[in-house]
Amino acid sequence: MVIPGQTPPTNLDEFLEGIWKQNPVFVMVLGLCPALAVTVSAVNALAMGAATTFVLLGSALLVSLMRRIVPREVRIATYIVIIATFVTIVDYLIAAISLELYEALGAFIQLIVVNCMILGRAEAHASKFAPGRALINALGMGIGFSIGLFALGSVREILGAGTLFGVPLFGPDFQPWVVMVLPPGGFFVLGAWLLLFNWWRNRKPAPREPVVAAGEASHG
Amino acid sequence: MAEATLTQIFLATVLANNFVLAMFLGLCPFIGVSGRLNTALPMGAATSFVMLVASLCAYGLNYLVTVFELEFLRLISYIVIIASAVQLVEMVMKKYSPALFRALGIYLPLITTNCAILGVALFQTAREYSLAQALVFALGAGAGFTLALLLMAGLRERLNLAGVPNVVQGTALSLMLAGLLSLAFMGFAGLGAGE
Amino acid sequence: MSEATLQPVTPSAAMIRTLGLVATVCGILLVLTYQNTLEAINANKRVALERAVFKVIPGAHSMKAFHVGKAGLVPEGGAVPAGAVKFYAAYDQAGQLRGLAAEAAAMGYADMVRVLYAYNPAKQAIDGFGVVGHRETPGIGDKIIFDKAFLKNFEALDARLGAAGDALANPIRVVKNGGKQNPWEIDAISGATVTSRAVARGINDSAQKLVPLLAPHLDKLQGGQ
Amino acid sequence: MFPWRKKTFSRGVHPDGNKSTAGSPIRRMPFASRMILPLAQHIGKPAVPLVRAGEEVVRGQPIARANGFLSVPIHAPADGVVESIELKPSARGPWVESIVIRVYEASTQEIRWAEPRDLDALSPKELLQVIQDSGMVGLGGAAFPSHAKMTVPGEFAIHTLIVNGCECEPYLTCDHKLMREHPDDLMQGIRIAMRAIGAGRAIIGVEDNKPDAAAAMRARLPADGAISVEVVPTKYPQGAEKMLIKSLLGIEVPPGKLPMHVGVVVNNVGTLTQLGQILPAGQGLTERVVTVTGPGIKKPGDYWVPIGTPMRTVLEWAGAQDVSEREIILGGPMMGQAVASLEVPVTKAVSGILVFDRRHIEAPASRRSYPCIKCGECVNVCPMGLNPSMLGMLAARREYDLMSSDHHIGECFECGCCTYVCPAHIPLVQQFKVAKAILRERVAAKAPAHESGERFDFGAPPTHGRKPSVHPD
Amino acid sequence: MTQPLRLELRTAPHVVKGTSVERIMFHVVLALLPICAFAVWQYGLSALALMLTVVATCLLTERLFNRLSSTASTLSDWSATITGLLLALTLPPSFPLWMGVVAGFAAIALGKALFGGIGYNVFNPALVGRAFVQAAFPVAITTWVPAQFPGRFSEFVPTTLTAPLMIPPDITAWVKGHVVDGFTGATPLARWKFENQVADFGDMLSGVSAASVGETSALLVLVCGLYLAARRFLDWRIPAAILGSALLLALLFHLFDPTRFPPPYFVLLSGGLVLGAVFMATDMATSPVTPLGVWIYGILIGVTTVMIRYFGGLTEGIMYAILLGNALTPLIDQVTQPRVFGAGKGKKA
């Protein structure tokens, strides 16, 4: 986050923050429920990523626009209503676009409401900055989240079905590892990604503490 | 659609379709609060209680929303009612059972953003459960959540004394443990399906 | 929030004003979305349902949904009588009844297995089958979707009404793979017995209810009224 | 009530007895040319010297006086001259203030400083004073001043004196011999102790591997039936106070409490036998029986050893010529202390000297230590009902407070059963000793040493454990 | 005595019982060998190849993680060997070798190395491996071949040599060609569950039925277990509690409805109940340490096994029951701490 006395972050920094430094999936480990539940395939993962990004952008815009008039006592309630609105919107949009996708994602679209990352962004960023910056940051976060989901979904689809985006990769005789599309596989794949990240961070000579904003790490 | 019996719903929700281990609901508190046994139990109890309240509220709300054909307000009203229910529970508890409040109080705010609670409301709606089914479902969800939390807390407390490699420490270890627990819970698949 | 105590308290009017504003903005957004997507969503749902029904009743061209209960037959949209069962009637291009379809569900290995089956009143048999939704083990349970031998069970699965008219003459049941001897038996998939059982149980439960209720109204459905 | 049920405590272990010295009689060991008498041979405050360098002393003469209640005097073990009062190595390593006596070659066994008295004429209180003056301490190894142990505060009524003749430690046979060879002295000692504590009956507990000792004592039991002999199963640590009380009376002493709380005082047979010997004669404690044995000893046996005899002299006499690359243990193998120097003298606390040679120490020393595999053996054997497995893991993580608050480390009396059975070779007892020492420091730091009314001010007790009340033998 | 003094200074106790982790583990390996030999006699080359592959994978994986964590080799403690042998014994004899490699890797990596190695694992590694491949390859792990089929010492089951990552071929035709009369390709448990046929007592005792590599002869497993228990390398209370509670529960069900529930001996002899109870539930690191806890743990496993078998979707429940027992072990230990000497019963000391 912005630390007084430092040069204010550029737009690029804002954008990259969510993609790398504070990746919601790998660094902050937020929004796990949808991340694990729907990532049985790359398509689902991307769809979920897109839906979440949409909600992030919409709520960031609205929260940022209203940041001066929302009294602090009711700000959380306001944010939740705004987020729920955009989630309902995206819920209807997906149902209108593809019923198949809608059924694949199931109740987890609506559960975006309680994705703490979104509330966290609204509280910690959008409510403090102008719409332009808030949108850039939200877009970065959304893309970062989508990348995280894709990393999960693609591994699970490749191993669990031998395909990527439904395209067979290894020919017809490939034995799928069914466990990967089952719940344990979700835990294992995300766990393995985190292991990889830990290992990568540990092998650097001077490991930097991950920057975690206080307001976001506290609630699940 | 054939009706699932109450026993089936309960068993399936606690074991085979455990909210945490099979449906990935309530993962954040699961990872966050499962470090110690003495916090896991109150957290589980508080969550179960709120789930029951939320399930009851959601049932009534869903009825209203359907009657007045305001489906697009369902999600908003659910999330608002859950947040209010938590507040209400907190106030009632504070007034009538301060001891319980002291034990559970710090967990209640955490519960608002617990997707397992909203999950109970959303799933019972999607599955068109009757009131009795919905309540049993909520009970099962709470019991399943508490069970998973307790198991996880026990394992993590024990692993605190183990030589877990540095790379594995933290969330990665919790996820791997959850995966193994989830693997073990697969044994319950189909339990109660027979008769 | 401890910081709240340090801040000046916002007057209630301002809070209410803001909340009102938020509610208005959100409400407008919601209603707009709802109205603009409603048609598409309903169309999607209808198409999906039709596709499913037409798959289990080949040759069908149009379909209607009904509820049937003790009190009688009610087309979709009307007041649903208590204890009624929903089903779909499918008609060919000429408007002749091709068959009836209903949904069945039962607890399978992992979760509810939901299927759609076609009931042929003329043959008094189930002659179509499709899976609507399941969470069974890939590679085992999902064989119910494509296993040819299993699907063969539903080419003419006996569902005759019993003499009393309140239940099937022979309950539909599953037998071990290769053990089918009677037309009302379903040959289980070897290795996927639990899922096969769920399918049979679901269909049996549904047909036991639906077929007796339907019997008095069959002629009404014929012409595609 | 349940004759088919063995009278014993739960759990415990059965190490090989190795009591090869049990058959032979006790022999006497000659005086060394130089005796070293540490002023702190007992638990409590060190004694205060009464002599100066150059002063002549005779055998039995008090050369140091008790310093307060929890302290005992020291008597000269032989005729000679005080060479110096200086720092000398102790068994545990640190050098301690000791009186060094150069022994006259003509010194004899005669005790020349004694005042025989009629004990029956003394009140219990006077009796306790006489016991303190004799310098008697618990000879089983704890070295807790005997008069202090026999001083019963008013709120307790003692009904039974338990005489500990178990000698559950492997190798040791000194108590066994005393019971067999000096039953009359023992009976005399028991009478004295019973009077001092006001107990109406006394039970001598003997392990069933010493039938001859039990028979010898039974033959000398007084006619009034106040004293009885009970045979208990051979099991380690049968000789721990709390275990023996449980075995004989079926009573468990609550955690953190002393046997007095259940109306019992426990004394070692060695202590009471020697009390019966020296008290009527009005002598001081100048010698004790020591078992000298082990694979590295050529003439193993039990010896009357004058207190203050250097270890080297004892070992030479017993035939351990080459003592390099050996392990020398004071006490039994389960709880004894390895010595750091051969200049260390035999003190009142030394019940045995074990010498293991290279062959015996090499194999265990090279054993590999594993993480705890949770086999649960330690839980199965811990006589105190603790969970050493858990305690060990907590100790490795330095969770000392948790060990104390949740897992009762304070109850551990370091009997060694857990380490004895541990297949992962975890030094559990050592970890617990460290943990208890650290916890004691923490407690001391929290409650600054204000002069409390607590009578049993143990001062800074050596690593014998927080409560000397529970100690084998 | 002029030479420099070298005194050993160690803390008490100075004598030890003389058991060691290696010794215990080695004897477990010894006790497993007859079962392995019997399996090879039953299933021939395929079983042998599978056992060797799985054990080798476990050892290599253990070594790999030793390297990664820069610790000394832990192969000599025999624990990885035990994991490999046990894992192989729970797999079907026709299991493709490449899947055996996956199972072995999962067992050591997920079940053991993750937690820091021997003593720290919270689940039985062999069962973690087995559960992983059960979830990953549900078809292959429920494909059975008849015991003692002719030619088992001269040829592999076709599935054994499946190319890595590929689907094993369908062996229905092959089995028909090698069939011992009446073989249905189902284990006794599956035949009971889906066809309500209780296998012949004698057949089950001698192990002439389709099953995993090592679970065909409950008798042999019991004898090997008795050897270990007699040498005190195994806690007899755990198998006693598991088998006892399973038998009792099965008896109750059988008395309640003999047509629906099989006789108790069937529960005991079919599937991997005895193998699991004797060799896997007794894994020291993953079972409770307290005396009361051990009984609770065993009874829980026994009851869960029977419940899964009778009312669950699976035919066999012992593996999941043990894994769940493992998961419950810390909680069981927590609530069954022994009573501290002298502490009043019931109240906390």
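The chains carry the letters A, B, C, D and E, assigned in the order they are written, with residues numbered from 1 in each.
Basically, contacts are C-beta pairs under 8 Å (C-beta built on N, C-alpha and C of every residue); 3 or more make two chains touch, one makes a residue touch a chain.
What you are looking at is a predicted structure, and each value in this text was computed from that prediction instead of being measured.
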| item | value |
| --- | --- |
| Given subunit D and subunit E, the chains that contact each of them | B |
| Length of the shortest touching-chain route, subunit C through to subunit D | 2 |
| Furthest chain, CA centroid comparison against subunit B | D |
| Dominant interface by contact count, named by its two chains | D-E |
| Centre-most chain, if every chain is reduced to its averaged C-alpha atoms | E |
| Reference subunit A; chain at largest CA-centroid distance | D |
| Between subunit E and subunit B, distance of the C-alpha-averaged centres to the nearest whole Å | 33 |
| Separation of mean Cα positions, subunit C and subunit B [Å, integer] | 29 |
| CA centroid of subunit B to CA centroid of subunit D, Å | 60 |
| Length of the line joining the C-alpha centres of subunit C and subunit E, rounded to whole Å | 43 |
| Of all residues in subunit B, the ones touching two or more other chains | 72, 76, 162-163, 168, 173, 176, 179-180, 183, 186, 189-190, 192-193 |
| Touching two or more other chains - residue numbers and ranges from subunit C | 26, 30, 33-34, 108-110, 137, 139, 194 |
| Subunit A: positions in contact with at least two other chains | 77, 81, 84-85, 88, 92, 178-179, 182, 184-185, 188 |
| Listing of all chain pairs that touch each other, if any do | A-B, A-C, A-E, B-C, B-D, B-E, C-E, D-E |
| Subunit A residues within the subunit B interface of the complex | 29-30, 32-34, 36-37, 77, 80-81, 84-85, 87-88, 91-92, 106-107, 110-111, 113-116, 119, 179, 182-188, 190-191, 194-195, 198-199, 202, 219-220 |
| Subunit C residues touching subunit A - in the complex, by the definition given at the top | 1, 4, 7, 9-10, 14-15, 18-19, 21-23, 25-26, 29-30, 33-34, 37-38, 40-41, 44-45, 47-48, 133, 137-139 |
| Contact set on subunit D toward subunit E in their complex | 9, 13, 15-16, 170, 242, 246, 252-255, 257, 312, 321-329, 331, 333-342, 354, 356, 361, 364-365, 367-368, 370-380, 382-387, 389-390, 407-408, 411, 414, 416, 419-425, 427, 429-430, 433 |
| Residues of subunit B touching subunit D in the complex | 160-163 |
| Parts of subunit E lying in touch with subunit D, wherever the complex brings them together | 1, 3-17, 19-24, 77, 116-120, 235, 284-291, 294, 333, 337-344, 349 |
